[in-house]
Structures are given as C-alpha cells and as structure tokens.
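Think of it as A, B and C in the order they're written, each chain with its own count starting at 1.
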C-alpha cells in the first residue's frame, strides 16, 4: 500500500506533476493495481531468462549524421544551432 | 517517376490521426505496388506527423523512416495515413487517444479494441485492406478480434522495431492486419526479416504461401483459455471453431499453462517499467510542443509532462517508476522477470507436444464505449493475449463468428519462428468457413 | 602520519575512448570544434523509435584495458539503463553497465609516497555513453536558460572504478598518471582532448563517513580537490564535528568543494537491463587481444638497453609520445639524449605549453650530436634549443641546430681563435692581472668570466681556464 505522499514522491521521480485534486483518486487506483501485483509473491523462486543471441555489434565506420537543420527542426527553441532547454543552475 | 493514390475515404470511425489525400508510391513492380496501406501512428514516417496518439508529440515530423516503412515504400505501397491508437499503445479500447476514441465499424456504440484500434477500424470499414499495427500485449490481436479482421503478432525479433516508438521494447512487435489471412501473409512477407539497426532481430526472412492442409496437426487447448472470466458464449464460439479444425483432420489435446495465474501481473509490471524509462525522453526540448524555459528544468519538465500526457499514460509511468525504484525492484520487476521466464518455459513445454495452441483472442466481445472506466478491469481483458508477448511466440487472431452480432476472434499461438504455421492454421479455418 | 588520520581514497575515472564513431551510432566521434548539433542522428538525439547499435571497436578497446589492468572478463555481460532526468541527457537515461560489467577484479601497480611498488586494486570497468553538453545562458532581464549541443551525446566512455586503496592525494595523482599513460600506450585514449577524463573521488578519514567528490575534470584538479577535502574533513574532526555522508561538487576555478545535493534529491537510478541490446559474451575474445609494451616494461627496457637511470627511464616512459621521441634519438648518445629530453626539453616545452610532437625528433637529435661532438657548449645548446622552440611555437619552420649555431655564431671557440680576446681582456683589466700576479688566484676567475662574456658562452670553460693561466704565467716571466 502506498499513501498520497508516496505517490507524490514517485511522481517527482518520474517528473510528472499531479494536481492535489487528482491525488486521492490516483492513489486509490494505484493501490488497487499494486494489490493485484501481489500475485507475483506466488511466483516460485527461479531464474530470469537470458537472451539467446549475443555479441550483436557494429563496425566502427562513420555513417552520415543529420544536418544541423534536420537535427534541430523539431526543437521548440534554437539559438546559434543549439537547442534551448530550461536552466539547470 | 511516382504514382499517386487518391485517398478520399470518409473517416466515419476516427480511424486516422493524419491522412494523405494523395499518397505517393513507387511504381516499381513491388508486391504492394499502388496498394493503400495504413500505418499505426507510433511508427515513424519521414515527413508525416507521428504522434503516438499523444498531445506530447503533437506536431512532431520525424526526419527518418521506420525500417518497416522503408520496406513498405520499397514494395510500392501507398502510405495513406497514420492510424489512431491508445496513447503510446496504452489501452485495450483506443479510447485513450488524445485525438478522440475510435468507434467499432461493426457497432459504433462499441470500442474497436486497442491499442491498434485505428488500424483495425480502417480495415473493417473498408478504407484500406492492409494496415500495420503493433502488439505489446495484444494490441494487434484484440482490435482484430473486436472488429472482425485478421491480425498477426510475429515472433519477437522477426520484424524490425527500428522506428517503432517504444512502449515496452522487450514485449512488442510490429505486425500486419488485413481483411483476410492472405492479406496478412502478403504484408508479413514485406515487413519481416533481419535489420542491422534493430539488434534484437533474427536472420529469418518470411517467404510463404498459405497452406490450408491441417491434417494431423496437433492443437493444444489450454484450460486457462476457457476458464473464469471468459464469456461462455465467446468460449463456445471458439470451441466450435476448434471443432471445425478437427473436422479438417486436426487433433486436439488438453493442456495447462499454470503460469497464467501471474502472467498478467508480470506483463503489467514489465511493460510499465520499460515504459517509465522509454517515455522519460518526452520533455519538450528536442520535439513535440515546446517546454517553457522560465523556471528551472525539474519544474518545467514536471508541468510539461503533467499537462500533456494522458491519465492512463501517467498512471503507467508511475507504476513502472515504482516497480523499478529502490526497495521495490526485487518485489516487482525482478519477480516479474522470473514469472516471465516461467511463462516462456510453459509455452515451450506445451508446444513440444503440440503444433499450435488455440483459444479465444479476447475473453469477451467488444465493450461499449466508456464501459471499462476502471483501469484494473481494463487490464484484466488482456489476460489471453499477453502470454504470447511474454513468451515471444507468434500469435494470430482470425474471425470465427459472432456473439450478439459482434465478431469473435480465434487465437492460434505457435512456437518461436512458426509464424508461417499459425498463418496456415488461420488460413485453413478461414477457407473452411468462407 | 598519525594512523587515526589515515586518508582513504577510491576513484571512479571516466575516460573517452578514441573510436572513430560513437558508442551506439555511426556519427563521427571527431566533434571537437564542430558547430553544435552537426554530429547527431536519430539515435544519439534520442528521437522516438531509434535504437542503439553497439560499436565493436569500443568493446575491443574495453577488453584491451581489461587485459592491461589484469581484470577478469565474465562469461556474460550486459548493458543497463541508468534513469535520470537532465537537459543534456536526450533519452533521460544513460545506457551504461550495472551489475554485469564487461570486466571485474584487477589491479594496477604504482609507486607509493616512499617510492615502493604499490598494488591498487581495480573493482571493475564498464562501458557507457556520454551525455550532451550544456551551455548556461543568463539574461539580464529574464531568467536564464540552457543551450544544448548533442555532438558529445553517445561518445564512448570507459569507467574505471578502484578499491579504496589510495592513501594520499599525491598517490591518487600518480595513479591517474599511470592509468593515463597505460591507456595511451594501448592507443584507446587521447588524454589531451578537452574533457577526455573526468574523475569522481570517494574520500574519508579512517573511522569517519565517506564523502563523494564529483566533477573533477583535470589531473591537477584531483590533487587539489582531495587536498581541500582532507583539510576540510580534518578541521571538522578536530572541532569534534560529524562528517556528513554526502556528494560534493568540485569547483575547479575556486579549488573548493561544495555540498551539491540534499538528501531528498539523491537520485534513484532505477537500473534495469537495456531491452534493445543483446548481451555480450566476449570472454573468449580476450585471447585474441594483443597488448603493446606497457609503461613498466618499457621503463625496464630503457634501463637495460640504453643504460639510463631509473628516474630518467620513468620520466621518459611516463608518456607514450615522449618515449617514442626518445627512442628516435637515443642512438645519438643514450645518456646525453636522456638528460636532454628528460631534464631540459620537457621543461622548455612545458614553459611554452607545447607538446613534444610539435617538434621534429631529428632536430633534437642533431642538437645532441653537436653537444656530443663538442661543437657547442651545453650553455649554447640550451640557447639553440630555445631558439628552435620559439620558431616552432610561432608556427615557422623548425630550423636545424647547425644553422642556428652558424647564424648566431655559437660555435665553440677553439685554440688560437680566442687568443685575441684573451689579450684584449688582459689589456683592459690591469688591476685584475696584477692581483693575479700578486698571488690572488681568484682574479683568474674574473678574467675567465670576462672572456666568457665576450664570447657569449661559446668557450669551453676548462680549456679557457688553462689557456688564461698559461697566458698570465707567460706575462710574469
């Protein structure tokens, strides 16, 4: 079981804002689903599967890049070829 | 020189998010020359907006083609539009689209199934004969069953995922939907095969002509596919279909898949975990509606994602974030991987003694719009489709009659790389009842 | 040192591997100086639907490092996603390795503070991708924002993690130097590239909490950051205060560390296996990985083959390019070449911020030959060297030593050639001459010095001394 403040913490970790009004309903549905997931406690101890193929590798050969125009075409904001993002400081 | 296909069909069921009035194609003598094909909107297309049914990708025009799209173009196909879907593939009804729900062409008061509901509806309504969908936990087979068309989820690794906008990488495959098994076979032969850009593909081409001979075919019938939660009328319809195959010379054996008990939970833990990581990149910096840059990045990212992701997407991202978080990884994600391995082993075991597994695709007929308002009850509807994704095996849904005038799907599941065999069994059934 | 004050240091070092292309896409890794966002494709931009493709060369480089650092390669390794948000990280996760790294449990030998051989254990190495680069913009009338360049996104990094075996900042620095030279000998790394190496250091005083010090991006910075931290932690302990277990950032410019994150913002990276990549099964490849001669072996060979001192051998082999340079000219005279390269040339280059590959070895070889053949004095040799380097620094053709000697008239003055100078100095300094003749032998040094001055150091002092004495003694008669 998680409470509303747990859900807020998870939402913070996932960088998603959830409004105070939605939080109660969200938490209760979240708990319904987690309760269903408890069925996994019945899984007998065992091994995780290991993918069968291995060593899928590429040679170190240069392939063409996108042009700066193509690379930044979908960006919301650009400046001198850079893409704009919110500040980190 | 280019050919053009004029696509002026009226979209009565909101099957498309974007359409091209004039769809260009290469008149190159390819197997799909000039044939209109619809592509699910989570498959990247150069120059055509690709939204995944989400507002967070509104206006995004990819600079590259998915591998399967390049193959379609090479085969001469005319890509007429991008089909509507549950946002990022997260749903079983195609009601979770930012561009409005798709309605079922058989009964517009009902859902077409999901998440490739647009692709199935486009075929069922006669707008196109062929469409691409993607199947993470049933997203091709469910709408095929609900709309009365054919849909194949290929063996994991048989079709390149390069350019499929990831929801749950380890589970999903792009696959064909069509009016007939022959359509599905044709489309599969165009899209299947190895791709260096998808490291998880196998070196297996698909070059097949459907064969309707099922004499001596051993069909395993798992009791879990006809048990609690499956509408008895649907179960009866599917039993009839299996009997039809017996009439054609197939044998049936009863079997059990004990890991079905926790398969659905294992599926939802895995897909939400992977989704929480896959969908973290949608922050409005490089594509999609732009993020504000007034406040610092955490605040801006949070509000951007809080405003533009739909509720179901947010719920799944949070579930997955939780399932991977410190202190819970062992209880959820790690446990789900063990469960998944058990499902895989169960399928391998059953399919050692049988050629295919048969059962219903969905436990019921199509729901009414708005009927499944509770997320958990919606998840439970995926119980019969998710095992094939967990095991990585091929599965096809072929129409097998109606209940209350709504289509029912017969699901045929085969061992790894036996995509041709499940197509053959579906073809045999289709030919017999046609 | 007081054992209660024992310093315990472990390092996590991130080095860029010098592959031609990025770790997960075919974009060129030669992005230095390129305009922003010109070395990018759907994969390294994290465009929806793109999938990673692992660079084989990066894997081979990692195996070379594994072999050189005596690591074990497990039968099976895999990539994992490290999930965190930051505007320079296009997918909001970094493809890295977590619980199944490519190699584990090795060691590297260094010299400790007492000059003895010390084994530093390596916990693990793993491959991962670099994020993009951020430029911070601050406006006067509006809030600041960031500008992102994804050219660096997906450049291959190798992370090397040590056990907490280092005991002083100097030792940490020596470890890094040794590691750097080893990686350069392996030709997998170019330490001169900007941002080529980044270090996180874990540091504690025995019996107290550990502090992680992030964001150190130079060799000097490591020593500085560690010294600062040790002083800070010791001061806290002296005052009876508690050392908080935390992450601190090193501010290179100010030479200090600052507390960077509060507890609640500690990241939970939610690692899980990368579903778009297949695992690696490369243990058997290790047999095919051939190692070049590494620094220690080369040092020993230099001592053996060239008969030079351990200190010279160590200095010369500490840098691959210096060692190669030395070997090109050692044939002229191994000891003279060792002295001139290790004791003089490196200092002169450093003074000019020049690299050894900016000067042709043949020029230095010729210079050493002139000294060996007694054609010029050591003093003139230094002058010739400086003239040569100054020309190189100004991007002019590097002149040959013989030409500089001829043009500046630096050839050693020989035999009768400077009789005239001696005569004129004797004539101009009657007082010194009479002092000498009166038995004040010190006056000889003065007179010799005057001749040296006149000939601008071209005279051999020993020869001159003898000639001057003979000349003066002749006067007396």
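Convention: contacts are C-beta pairs under 8 Å (C-beta built on N, C-alpha and C of every residue); 3 or more make two chains touch, one makes a residue touch a chain.
Everything quoted here is computed from the prediction, not taken from an experiment.
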Discussion item. Please identify the chain lying most centrally, where each chain is represented by the average of its Cα atoms.
Written reply: A
Discussion item. Suppose chain centres are the mean of their C-alpha atoms. Which chain sits farthest from chain C?
Written reply: B
Item to complete: Between chain A and chain B, tell me the centre distance in angstrom, where each centre is the average of that chain's C-alpha atoms.
Response: 21
Worksheet item: From the C-alpha centre of chain B to that of chain C, how far is it in Å?
Response: 56
Worksheet item: When the C-alpha atoms of chain A and chain C are each averaged to a single point, how far apart are the two points in Å?
Response: 40
Worksheet, complete the sentence: Multi-chain contacts in chain A, i.e. residues touching at least two other chains, fall at 13, 15, 51, 53, 56, 58, 66, 71, 83-89
Fill in: Multi-chain contact sites of chain C, meaning residues that touch two or more partners
42, 45, 53-54, 85-87, 143, 145-146, 148, 268, 270, 277-278
Discussion item. Residues of chain B that contact two or more other chains, please.
Written reply: 60, 63, 196, 199-200, 276, 280, 283, 285-287, 293-295, 297-298, 301, 321, 325
Item to complete: Report the residues of chain B in contact with chain C in the complex, numbered from low to high.
Response: 42-44, 50, 52, 57, 60, 62-64, 66, 161-166, 168-170, 196-200, 273-274, 276-277, 280-283, 285-287, 293-295, 297-298, 301, 321, 324-326, 329, 333
Worksheet entry | Complex interface listing, chain A residues touching chain C | 13, 15, 50-51, 53-63, 65-68, 71-72, 79-89
Response to the item:
Listed in rising order, chain B residues that touch chain A in their complex are 59-61, 63, 196, 199-200, 202, 261-262, 265-266, 268-269, 276, 280, 283-303, 305-307, 309, 314-315, 317-319, 321-323, 325, 331-332, 334-342, 344, 374-376, 379
Response to the item:
Seen from chain C, its contact residues with chain A in the complex are 19-21, 25-28, 35-42, 45, 53-59, 76, 85-87, 134-138, 143-150, 268, 270, 277-282
Response to the item:
Per the touch rule above, chain A residues touching chain B in the complex are 2, 7, 10-19, 26, 29-30, 32-34, 36-37, 39-49, 51, 53, 56, 58, 66, 70-71, 73-77, 83-89
